[in-house]
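First the structure, then my questions, so here it is.
Chain naming follows the written order as A, B, C and D, and within any one chain the residues start at number 1.
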Amino acid sequence: MTQIFAPAADTWLRLFLAGGLALLGGGLVGVIGFAHSAYMTSTDFRPQQPVPFSHKHHAGELGIDCRYCHSGVETGPQAGLPPTTTCMTCHSQIWTNAAMLEPVRQSLTQQKPIAWTRVAKLPDYVFFRHDIHVVKGVGCETCHGRIDTMPLTYRAKAFTMEFCIDCHRDPMPNLRPEESITAMGWRTPSDTQKQREAIAAHEGIRFGELTHCYVCHR
Amino acid sequence: MAAEAYGLLAEFGSPEALLKAAREARGAGYRRLDAFTPFPVEGLSLALRLARPGVSWIGLIGGFAGAAVALLMQVYVNYDYPLDVGGRPVYAISAFAVVTFELTILFSALSMIAAMLWQNGLPRLNHPVFAGRRFHLASKDRYFLCVQSDDQAFDPQQTAAFLRRSGALSVELIPP
Amino acid sequence: MTDRSADVLPVNQSLGGVTEQLAGIPLHFPARRRWLATMVFACALLLLLMVSIAALFTRGVGIWGINIPVNWAFAIHNYVWWLGIGHAGTLISAFLLLTGSEWRNSLNRFAETMTLFAVICAGIYPVLHLGRPWYLYWMFPYPATMGVWPQFRSPLEWDIWAVLTYLTVSLAFWYTGLIPDLAAARDRARSRGWQIFFGITALGWRGSAAHWSRWSQAYRLTAGLAVPLVVSVHSEVSLLFAAGQIPGWHSTIFPPYFVLGAAFSGFAVVSIIAIALRFWFGLENLVTDEHLDLLGKVLLATGLMTAYGYVFEVFDALYSGGPHEIQTLIDRIAGAYAWTYWGALVFNFIPLQALWWRRVRRCGSALLLISASVVVGMWLERYMILVTSLYRDFLVSSWGEFTPTFWDWSTYFGTIGLFLVPFLLAIRFIPMISIFETKELLHEEQEERHGG
Amino acid sequence: MTRRVPPDSNSSQGPGLRQWSGIEELSGDPAFQAWVDAEYPAAAEFTPTARREFLKLMGASFALAGLTGCEKSPFVAALPYVDQPQDVSIGVPKNYATAVVLDGYAQPVIATTYSGRPTKLEGNPDHPVTQGRSDIFMQAAVLGLYDPDRAQGPTRRGEPVSWNDVADHIGALRAEWGRTQGEGLRLLTGPVTSPTLSRQLDALLKQFPKARIHTHEPVADGGRRNLTAAAYGQPLDVDYQLESCAVVVSFDDDLLGPGPDQVRRARSWSSARRRDGNGPGLRLHMAESVPSITGAMAGDRLVTEASRMPSLAQALASKAGVTGAAMPDLTPVEREWIDRAAAACRSAQGRALIVANAFGDVATASWVARTNEALAASSLLRFTTPLQSVANAGALADLVAEVTAGQVETLVVVDTNPVYSASGSLNFREGMQKIRSSLHLGLQRDETGELCEWQLPLTHALESWGDARAIDGTATIIQPVISPFYDVRTVHQVVAMMSGQLDPAAEAIVRETWRSRLPGDFETAWRQSLRDGFVRDTAAEAVLVRPDPAEIVPPFADDGLDIVFRPDPTVWDGQFANIGWLQELPKPLTTLTWGNVIAVSPALAKRIDVANGDHVKVTIRERSTVGPAWIAPGQADNTVALYLGYGRMRAGRVGDGIGYDAYAIRPVDQPWLTKGTLHKVGTAEVLAVTQLHHRMDGFDFVREVSVEHPALQPPPAQPSLYPARASSKNAWGMVIDLDSCIGCNACVVACTAENNVPVVGKDQVKIGREMHWLRIARYFTGEIEAPRSFFQPVPCMHCEDAPCEMGCPVDATTHSPEGVNQMVYNRCIGTRTCSSYCPYKVRRFNFYDYRNAPDSPEQAAHNPDVTLRSRGVMEKCTYCTQRIEAAHVAADKENRPLREGDVVTACQSACPTRAIVFGDINDPDSEVSRLRRDGRHYALLEEQGTRPRTTYLARWNDKRGDRQG
């Protein structure tokens, strides 16, 4: 009987086995990592908008309050996008014929809405309400990030269930006083914990009752 | 010396002949011995003074590992997001028993078989003995005794003669 | 009796001859025609399965006859049936190995192979029966962006782990036992292709003394683990039902009842295969009438134990005296699906009684027919346990009825194809009877002859 | 065209946050068209107008949560308003008071709208008649609005035309009528209570004095007016004062059954029934030929032929000492029943009321009238002059006669469907050929619309300006809650065109009517009425009448079977045939869906050897029809019941070609009870019933208590292996009073509407896949000839130790700290274990994708607060969790705890008898806690140890009570 395989064959076979195992493990880790990646949570994406609206300019530099445009935020589930007329309250006075604002004027004259691209969108089976969060002392910044530094708006936080549930388990770290709800870059004063507890108590937050399914899914 | 051969391969017609030869070889002071048989032959490892295999211990460890992994996993997921499931306890050990048992067995069995292959140095596709002309009979109905060349007492001529004396049907020098 | 059991195999055959004969089956395959014909048939069934699955995934489980209340039917029912069949393989090779009944050496290889593919057939059902199968991976614990985990109190969750463990361990056990024979085939092979195929699969096994000693230990210990595993797996499957409160399910007898039933149906299938193979490949010298005799005895024993399960179930219902339990009992005996109950009784236990006679046991064709009837009977039993319990549970107002649709049947028959195709491939490419164990047994017998 | 009421003026509403106001104008904003184009491409398939209006409708909201099935790329277009209206906050529902119409009667509703889409109707709690309760027709009306088969624009012989063409044609006709003074002009209306329409028709007749008006009411309120005319000498409407009754004896009168008066009667009946806590407050004795839900609730029920009623009524009359009432000969069973009834009446001392079938015969009615007189029960009856009155209108038969005589040039059919619902013997269809010019005004191009030259589509009540009177006469000014999204007009607009106005404004016509009728400053009163949802103090005046002493002629009797006609319990006279919710609604007592049956008694069935579903042929005066037989337990031996409303050919894609047409063989002179024959045909069909087995088989699903044993055995305390869990502040629970539940199904439809429960169709129901979250179980006990019947609504029990939750491998169903058994659709992978383990089988599974096509108009009817369930997902009753969470948010925003009544489930608010009570069981003072302490309280299958949160109150057994006292 003669050798069927050359000595090298062993090396190859073992390499093959080791490689296979490595690939398997690596693949698993890779897939899970990909699911958490910025790509999948679309936090890396700055969609083009019909009008290159800059929150940095309006909210940051001019310091317009969020609620001026997103008027529904305290009254309903949806913060709402501003109607064209809201834009025109100022832009009928200033930058009246800036080319950049042509779509806005078009919208008003032709009664056609501006087709914005939604940046913050949750799946249909998630029933999120802005009003209750705002009323209970969760600031805009908590979910939307430093909007006042965004020339083009993007999704600052990954809107995964983990993200929501973390806060629903313990809202404390994200609570702020009423007057600072829309404030950006709001720093908590020295006696943070006490103050947060005070807010929590004052708002009567139902700790431990915010993590069951029907709070968000119906 | 040892460089030019792997060893001498002696062929025997029955397990009994092989056993006899193996004992004689030990008696003659050969230590680097190995035998090849078509099925496990009782007393052979004794005759060759092989160490008791330690596969069972690895199996035991694997079993404990499996149980631990299973229990920790199940306890952790319920600790991470405790949900009220039909009023059952959050850490329902009785319910966790099944998966724990399954993983115990899985880990134990796999670890033993892996250990067996590892200790046997398998897979090994190319091995000197395969070069033996009549070695293919080792998986049929012949029984081989191999004296390796790295044995102190190994000497191609004398060892071959010794093996023939102890009843080998054929003796062959295996190249390295 | 003892000396008969001493030589199950006729001793007037040489080890070399056995080796050539068995290793020869894959290398110089006899009965190509028959094999091809069967293969075509099997592939047709497999195709049917593919079509059924395509329809299922595109249109949804609605294509089956299931409804509320009978929302589990063929899928779960055939799942249990296949898994049950699978168990015999492990029991034969592992359990009998431990008890040192070496006559099993001629049967264990194809019994294990049968197990492997039966478990695969069973394994696809839990996937198929899901409403949204593409979310199957939610049943495994992985760090999800949802922060939600599987629910380990659920029998279905246990099920996944049990079946996967069972599949992996059976595979490992089967392969470990196969290595030395692959080596034998490698050494017999002449053509380069066969040499490489068997060369790699044999992992370079040399049959050295050290190999054998480690191998034996690992093999025996794995066998030792496989036996409780089988028991646990099918007990767990029974909990799938027993954990629910439905009358006819919620019973402590279920685990042993299921395990015995499983062994019963499994041994029946083993007998069928044994008889078929020895007829195909002229293996009468290795799978002897002695084997059939022993198989017949085992079949009879497990059958009687299953019958005890039936009796006890009736007693259970009457003893509990729960009106709903009794209602279900009556439904079984006289309800819309009484035919399954009586069918199960008749097919399982009436022909079985013939096995009391040695002549019947030793007659291949007779044993074949009885085994076939047992397989049918056990299929009916599972139908009975599932549908009869669900179609009428507690509230009269929720009672319904179940009629299988074309797709129910096509999926079921399709899985038979899924079983046959790989099995046929296996007997084509792998020694279907353990060569070295046969030789071991043969050698011992010859020794005894010389000794006595 | 519609007006908005400034929010401030709501403050005048006093307590309660009822701010119904005029609808927001949403049309004309192209903003949404683009958006909907993106979301609903196939909307393009509508006619241009329809599409434009539909876009308007859909686009109104970009908060259609859940409407798009699966997740898309997160970056979808978002379209804000160009000019956002003042009081619109997206996603916040608004409520408007208005009314829908059943057989001309107003059904006052509060319409919930999301960004202009009405999605749910609740009863108007302020309304004197319904007091916030509702029935199946009111609940289902909203789906009629989105019926995809509505006529979307005017047509002439099927060809689309414009309203200008219509105006031209009517102009031409008017010229002709002018010459002939309306000679040859005939109008055919359905039942009408609308003051505006009456006013308009009167005006029209003044213009064209020779024109005539006829009315056609296939069901309406039966022969009630003829009966009163015979019994009291003048046609009357009657209202039973059940609250003050101790005993009611009904001669085949299904007073609790479906129809315009069901809500009022069910309400007063149940309050009377509950009057005293320790026993049944009102006892019902009923003699009936066809099993009805009233019979099911009756404590003492006699099964006998409809043709026996006169004799029975006479017998009771003679017992009550009515002059001229000789004792007729009765069977022993009948006599015993009469004795018991008479005894009960006597002991009731003036608080006993005898009622006769509205579909019954004159003799019975007359005897009953006199018996009431004799029992001094007049105070229990309130008579009013008929509401449904068009000045000297003729009957349909007269019209047909004129048509055949060729005296009719022009026929205007106003919102009725004679071609389908006229008696077959009239041959109305053939008659139509003789008419030169015919116009049909109606929502659909139905059988009549198709045959008429012109079909002029009308608005749905929810998009109309109009008015109508409720059953008691209280008028409601109907205001649109949404602007019409098809090219349609209100009936008033069309009639106004006929009387010469060119393009009348819908609102103006109605204002015109009320300008003279509203007291005080018109604008204020007008707004007030709109906000209230009804015009105060407009109930009809009671009239005092005495029975007419004329000789009572017993109705002719010949041998042969009694053939009884009844309106269908769910599609009524056929007008609801295209409403999927009602087609799939299990009919009381049979649980039949998607069709009608020919109900026969068990004895008769045995005699001609038929089983359920076997086809039988009913022949009446050489006209015959074939339908599936149904063996009705408790039906009189020689009575056969036919159900109207099926066998339609032009109802639409839902209602076409289902069931048999009973109108075809319905005699004109005996529309409700006649004689005929029955034969077995030999063919058969499978009926789509949702409950296969109706016997309680000795189980105690429905328990009973009696006056001598008013309390049930409290269950033994069951030890639990499970750890005690801490509940949160609120713990929700529901108690259902089986003594009040009349099985009317209002709760089921309400649940369907509130929770987007899909309609699965006949074939799926046949194989047991109906999706109702709440089923009403029907049980019989006793012998099949005269069984006792029980209703038991079965929603999810929300078990505290729920078996289903334990079965789920992925945590898709878990328990909330408030004790709600949660079902998370988006986590469900469809193992169906939960349903297998559920002892109550209340879970429902999406075997297929049952959702409407993403662009079908029905989509707009969906509640945006509830996810649409996709294929392969389990679903079930959630205790209307969207309402619970909304209440939590509202309360949390005000930083206050939840109060009793903050959360009202859909089924609870719909129930006409208030049998369903939902609330916080942690609050000892809540209604639900009070009921849980009641002696009649028990849990279904409590021996299973599931500890349900949904529990029941046992039913009172009147009979046993009688024997004792």
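Keep in mind that, in the parts below, a contact is a pair of C-beta atoms (placed from the backbone, for glycine too) under 8 Å apart; a residue touches a chain by one contact, two chains touch by 3 or more.
Everything numeric here is computed off the predicted structure, so don't read it as measured data.
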| item | value |
| --- | --- |
| Chain pair, B-C or B-D, that carries the greater number of C-beta contacts | B-C |
| Centroid distance [mean C-alpha coordinates] between chain C and chain B, Å | 30 |
| Whole-Å gap between the CA centroids of chain B and chain D | 82 |
| Length of the line joining the C-alpha centres of chain C and chain D, rounded to whole Å | 58 |
| Interchain centroid distance [CA atoms averaged], chain A/chain C, Å | 53 |
| Two or more partner chains touched - positions in chain C | 147-151, 153, 157, 186-187, 199-200, 204 |
| Shared interface positions of chain A, touching two or more other chains | 1, 4-5, 10, 13, 165, 212 |
| Multi-chain contact sites of chain B, meaning residues that touch two or more partners | 81, 83-85, 88, 123-126, 130, 135-136 |
| Pairwise touch network: line, ring, star, complete, or other | complete |
| Interfacial residue positions of chain C with respect to chain B in the complex | 14-16, 19-20, 141, 147-153, 157-158, 161-162, 165, 168-169, 172-173, 176, 180, 183-184, 186-188, 199-200, 203-218, 221-222, 225-226, 228-229, 232-233, 236, 239, 436-437, 439-440, 443 |
| Chain A contact footprint on chain C (complex, rising order) | 142-148, 186-187, 195-196, 199-200, 204 |
| Of chain B, residues touching chain C in the complex | 15, 34-41, 44-45, 48, 50, 52-53, 55-56, 59, 73-74, 77-78, 80-81, 83, 85, 88, 92, 95-96, 98-99, 101-103, 105-106, 108-110, 112-113, 115-117, 119-120, 122-127, 129-130, 135-141 |
| Touch list for chain B against partner chain A, complex | 81, 83-84, 123-126, 130-136 |
| Of all residues in chain D, those that touch chain B in their complex | 720, 722-723, 725, 799-806, 808, 811, 814-817 |
